[in-house]
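Common to both upcoming complexes is chain A, partnered first by chain B, then by chain C.
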Partner chain A sequence: MTWVLAVAVMIGSSPASAELLIRITEGADSAIPVAVVPFSESGAMPSGDKISSIVQDDLTMTGEFRPLPAEKMLSLPAKGDDVYFRDWRMLGQRYVLVGQLTRRGDKVEARYELFDVNREQRIMGATASSSVNSTRSLAHHISDRVYEAITGVPGAFSTKLAYVTLERSGDEPLYRLQVSDVDGKRARVRLESDEPILSPAWSPDARKLAYVSFETGKPAIYIHELSTGNRTRVADYRGLNSAPAWSDDGRSLLVTLSKDGNAEIYKLDIESGSLKRLTNHWSIDTEPMWDHTGDGFYFTSDRSGGPQIYHKASEDAEPRRITFGSRYNARPRPDNDGKYVYYVHQRDKSFHIARTNLKTEEETVLTRTDSDESPSVAPNGRMLIYATKQGGNSVLTVIAADGGAAYSLPASKGDVREPAWSPIVR
Partner chain B sequence: MKMTAQHKALALVFSLGLIAGCSSTGDPVEDEAYGSVDQEGGSTVYGGDDEGGVSSSEMTEEQRRQAEERAERAEAEAMREITTFYFDFDTAEIKSEAREVLVAHARYLQANPGRDVRIEGHADERGTKEYNLALGERRANAIERFLIVNGASRGQMETISYGEEKPAVMGSDESSWAQNRRVELVFQ
Partner chain C sequence: MRGHERDVISTGQPPWKSPVALSILMHGLVLGVALAGWSWSVPKDDPQPPSISARLVTQNEPEPSPVTEPVDQPDRDEERRQEEQEKQRQEEAERQKAEEEERARQEARRIKQEKEREQERQRQEEEARRKQEQQRQAEEEAARQKAEAEAKERERQKAEEEKRRQEEAARKAAEEKRRAEEQRKQEEAERKAREERERLEAERKRKERERRLQEQQLEALADEAQQQRESDERKRREAAAAKAREAQMLSESQKYQALIRERLSQAWYPPSSATEEMTARLQITLLPTGELASVKLVSSSGNTAFDNSALGAVKSLNRYPIPDDRDTFESYFRQFTIEFNPRRLR
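== the complex of A and B ==
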């Protein structure tokens, strides 16, 4: 059933061709003041962004931190012995991060320490290294550790984003499936096609993407192994083949097919290709996503007249309607611990991202932009990325999961849409 | 006053807000049976053949029937110039003004079993992409069912939904959206 595709489209790892730009639009009022002191350097360092400034940018983009500009610092300590808490207290800082970078052959080693200013305590100290060519990875790793030390929640800075860009030259559209760091840097094109590419979804090990491509003229679902570029076409039925969502064990996909008449949700066993039908209704059933237990799933159905979010507690349970707040609620994305489900929500004439607290059933509209779609929750549940319109183009915007701070990721040209936030891989 | 075939077809073209494949000036359908068109009276004066005028009272029953058939054919042909059908937001309901045109397409397909048509469903950009894929399919299916009921056979037709991926018009306003919520018939 599964087979490796003879490639009709360009699959690549071509270097960044449509790099995203980062634009921080808003920070939360309650942001924690933190001083990221520029790291000392011994030996030749690679050109480009400094590791400590990448860490500082990472913390800033969460909206949860307000880093102190280096020019306001009274001293630039590189190790704990040189940190004078009184100075940092005077500057109103809660935490101070210091570090030393050392070149060792083709590696860069970082030795870094985090201090709690009020308690005058070292709360973390560690070393980490990376090859000279991947110091951005090293920086994101340090950001993850710092974030976790302060908030108690794992950082998601080492994760990846998958998204689709669209450029039009005249009448010719060019779709590109790309993967970048969460700050939009190090973008690489993975697939290029003049037909639509949709719905990228990360495998649980973050090594593969499933997506929908119209490259043969019809929609089909593909699995794409990122390290090799090998692709397998796993669903190519008559009608719709859409909305893939991985199971936790990576062995099956929830998919939407219309081969039996109209859009229904099926579980597709990737290895054998066998299908189990999970919905059966004359209405549209689509956009499935497993819940945090892995037994049940959320989906969109218009069985009540317009699209609404439903939940099945198990594959065979009766669907239960979750959303009631407006006439259009679609594309559910539950978080990893079963607290919230996020979705596209129409209010008046605008489309926003909203979430429902699954315990209290309280609904909160999170965004103030008004053509919002494709929400994807960060694997640590603290941030949310979605697509919206800005000046006629589609851009990606990241907000705190409670609706607080925001930064946007416009493409250097054209549209960028369909973001998917990768899992954290340990 | 009874509208003539030409007027009716033209009126239909305009009332549907004009339509892929039709020139914007709405050129009258060319058919040798017709002479000049009396715009004010809204009737067609049959100018007859090359030799000169023949008054309508002198038409035989057979001639009258043939003329009527030709007129009907011309009307159907004019209607078949319309290949795009529009929908309201989040619906797949075929609008009443589209029905007559779709019947013309269905009869044509019935009469020409060798012709195939691809039915392409689309949605506007609002809402979610995957739901819109399903909505575009629902629209294409609605048109396909209508064509089957009116004489086309399933084997002549193939449906595909592009959802919101292939807008006819770029733009984020009601008029662009209205033009993008559509099904297009593409004859192969």
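== the complex of A and C ==
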């Protein structure tokens, strides 16, 4: 009987009773198919880009979405009742965004709903409105909400970009500090100078920009209040004054000064103008940036011979070298959650944007372009903007933070450099 | 009675021969003795013992005996011898005077005896006649008696017969009774024997029944054991077959697991917020057509977008690649769990 029992046990323990488990460890390489159905309109709408088109472009820019062209849609529902999941499913779509725009006086109101085609659920429904003149803001707002609803990450479509353009009329260069939407639209010039303007940096509240201007013939650091246009020169020491970076509380800047004979990093209290030297090395230490904790900072130093990325966990800690992959790694830009640090990386005489996983210390080159410079990470960490050369001109390109699809901003005349992505202001 | 008859038969030889021979012998002997010692005088007239004949007669009483003739012949011999003896006695008269007297007396006695003998003879004749008469009578009597006896005999025989018959009857009755008794006994015995037989038979039958029952039980047990063995064997074979089948199903299932994994990987868009630490588990139930019957989030990643991306991926497949084999399907793909856990994010 023993072996009968054994048989029973064997049968009992057959895999049939143990439920099958399939592990999915990799996702699709392609972007998420999403259908942004042109919003229905009731009342007079401003001319220009349609809100749904802007949303579609926003989603596309991230590299995470692959919107369905409107002409391929089988129907154009404007509200949930008209959404037939089967149709969208047949089209291979994962999400469907529908909406209705209504003109109410000088405002445009949007009612929009986002549907998960496979789950056949409405995952979001909201209304928003804006003035007739700022429907782009309304569109970016909707993009942000959609993006967050799908990805769980706040959208960064309503943030701003600051950058510097250079135009040459004859031998006269014209530098312009400009601020635009993330898609490059609605760009506004905040400062014009025939001297170089460098390193714009957003205050934490996105109301001010700090930057380096050579307008006096030598570099000095200014704080520029955008709403009023008021400017303050906060650092104008002998020698080099460069690379301002805001602290989280907006009260101080990390700056690079060579007032003591060598480029060193200082903490500048904005209000009092007091300085605290944070590095002390015979080599160049520059391009500081606070890490996500606000206690430590990254910077570039050539103390090892060439420029490399270092990190100080606190103001008084010993610097720790981060990059080793090549002889040139500079301009560190950490993300907001301490996972990656992005930087300019030279390889085979080309300059790329690369990132290092701070946990695994794995370095990844993100760009396929060369002559890449000035990386800036979107506040949600999902996108990266940098300057690169295109047809002899310098342009701005947005890529997914993991190196996915690139989205080139519409080029204006001349070179575009020194992009800075604004923080998200809630 | 038969002995008697036999005796009669044995006297068939002349009965008188024997006494005659004896008498001759006796006379010769006396003569011899007289010649040898005393010349011829002394043994004279040796009185013959009448008793012989008498005895003979008496001995042969029932026979009609011719006694006279033998008696006559010795008488003549006697006279001759007496003459001789007279001469001898004259020669010796003296000496035997006493004896003469004696002789005289003897003579006298002899005469007397003669007379007596005559008388005797006459008496004997009378007697013989009487005897004859008697004999006749006796014979008659005998005949009568015989008849009577015969009658008696018959009677007796009859009685005897009767008695015998009665005895026989009695015997028969007894016999009958005995037989009856015997029969009864026999019957009793037979009955007892029968009863015993029946009892034995019953016992035997009971034992047979019990034996049969036991056999049946044993057979049942044997059958059961056999069935058990067969069942065990069947189970073992089934288990072996199931094992082989399982192996086949397993390899089959692994093929389809890989297909499902591939399809789901292509269909899964991990959201931007996904991290390697996130894991969502979904239990899905399929229809035999491969269509999704139901899906349940059994373990959340803690991130809604991540969970939704997994749910969306699972639901995006119109048909799951499943094996044609129904058993494999039922064993592995009717219900299973899918775990979404990005090993490496872009």
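In the analysis below, the second predicted complex is superposed on the first by the 396 of 426 C-alpha atoms of A that agree within 3 Å, B and C clash if a C-alpha of one lies under 4 Å from a C-alpha of the other, contacts with A are read in each partner's own complex, and residues count from 1 in each chain.
As a convention for this text, contacts are C-beta pairs under 8 Å (C-beta built on N, C-alpha and C of every residue); 3 or more make two chains touch, one makes a residue touch a chain.
Note that the structure is predicted; figures quoted are calculated from it, not measured.
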**Prompt:** Looking at the overlay, does A:G239 come into contact with chain B only (first), chain C only (second), both, or neither?
**Reply:** first
**Prompt:** Does chain B (first) or chain C (second) touch A:L198, or do both, or does neither?
**Reply:** first
**Message:** Quick check on the superposed pair: does A:G392 touch chain B, chain C, both, or neither? Answer first, second, both or neither.
**Reply:** first
**Message:** Taking the superposition on A as described, I'd like to know which of chain B and chain C A:V425 touches: first, second, both or neither.
**Reply:** neither
**Prompt:** A:A317 contacts which: chain B (first), chain C (second), both, neither?
**Reply:** neither
**Asked** In the superposed arrangement, does A:E287 touch chain B (first), chain C (second), both or neither?
**Response** first
**Request:** Mind working out whether A:L74 is in touch with chain B, chain C, both or neither, as first, second, both or neither?
**Result:** neither
**Item:** chain B and chain C footprints on chain A, overlapping residues
**Value:** none
**Request:** Going by the contact rule at the top, pick out the chain B residues touching chain A in the complex.
**Result:** 90, 125-131, 133-135, 137-138, 141, 159-163, 165-166, 172
**Message:** Going by the contact rule set out above, which residues of chain A touch chain C in the complex?
**Reply:** 3-4, 7, 10-11, 14-16, 19-28, 31-32, 62, 64, 89, 94, 116-120, 123, 149-153, 380, 382, 400, 402-404
**Request:** Using the touch definition up top, name the residues of chain A that touch chain B in the complex.
**Result:** 196, 198-199, 214, 217-219, 239-240, 242-243, 256, 258, 262-263, 284, 286-287, 300, 302, 306-307, 328, 330-331, 344, 346, 351, 371, 373-374, 389, 392, 417-418
**Request:** Using the touch definition up top, name the residues of chain C that touch chain A in the complex.
**Result:** 232, 235-236, 239, 242-243, 246, 250, 253, 257, 260-261, 264-274, 283, 303-306, 308-316, 318, 331-333, 335-346
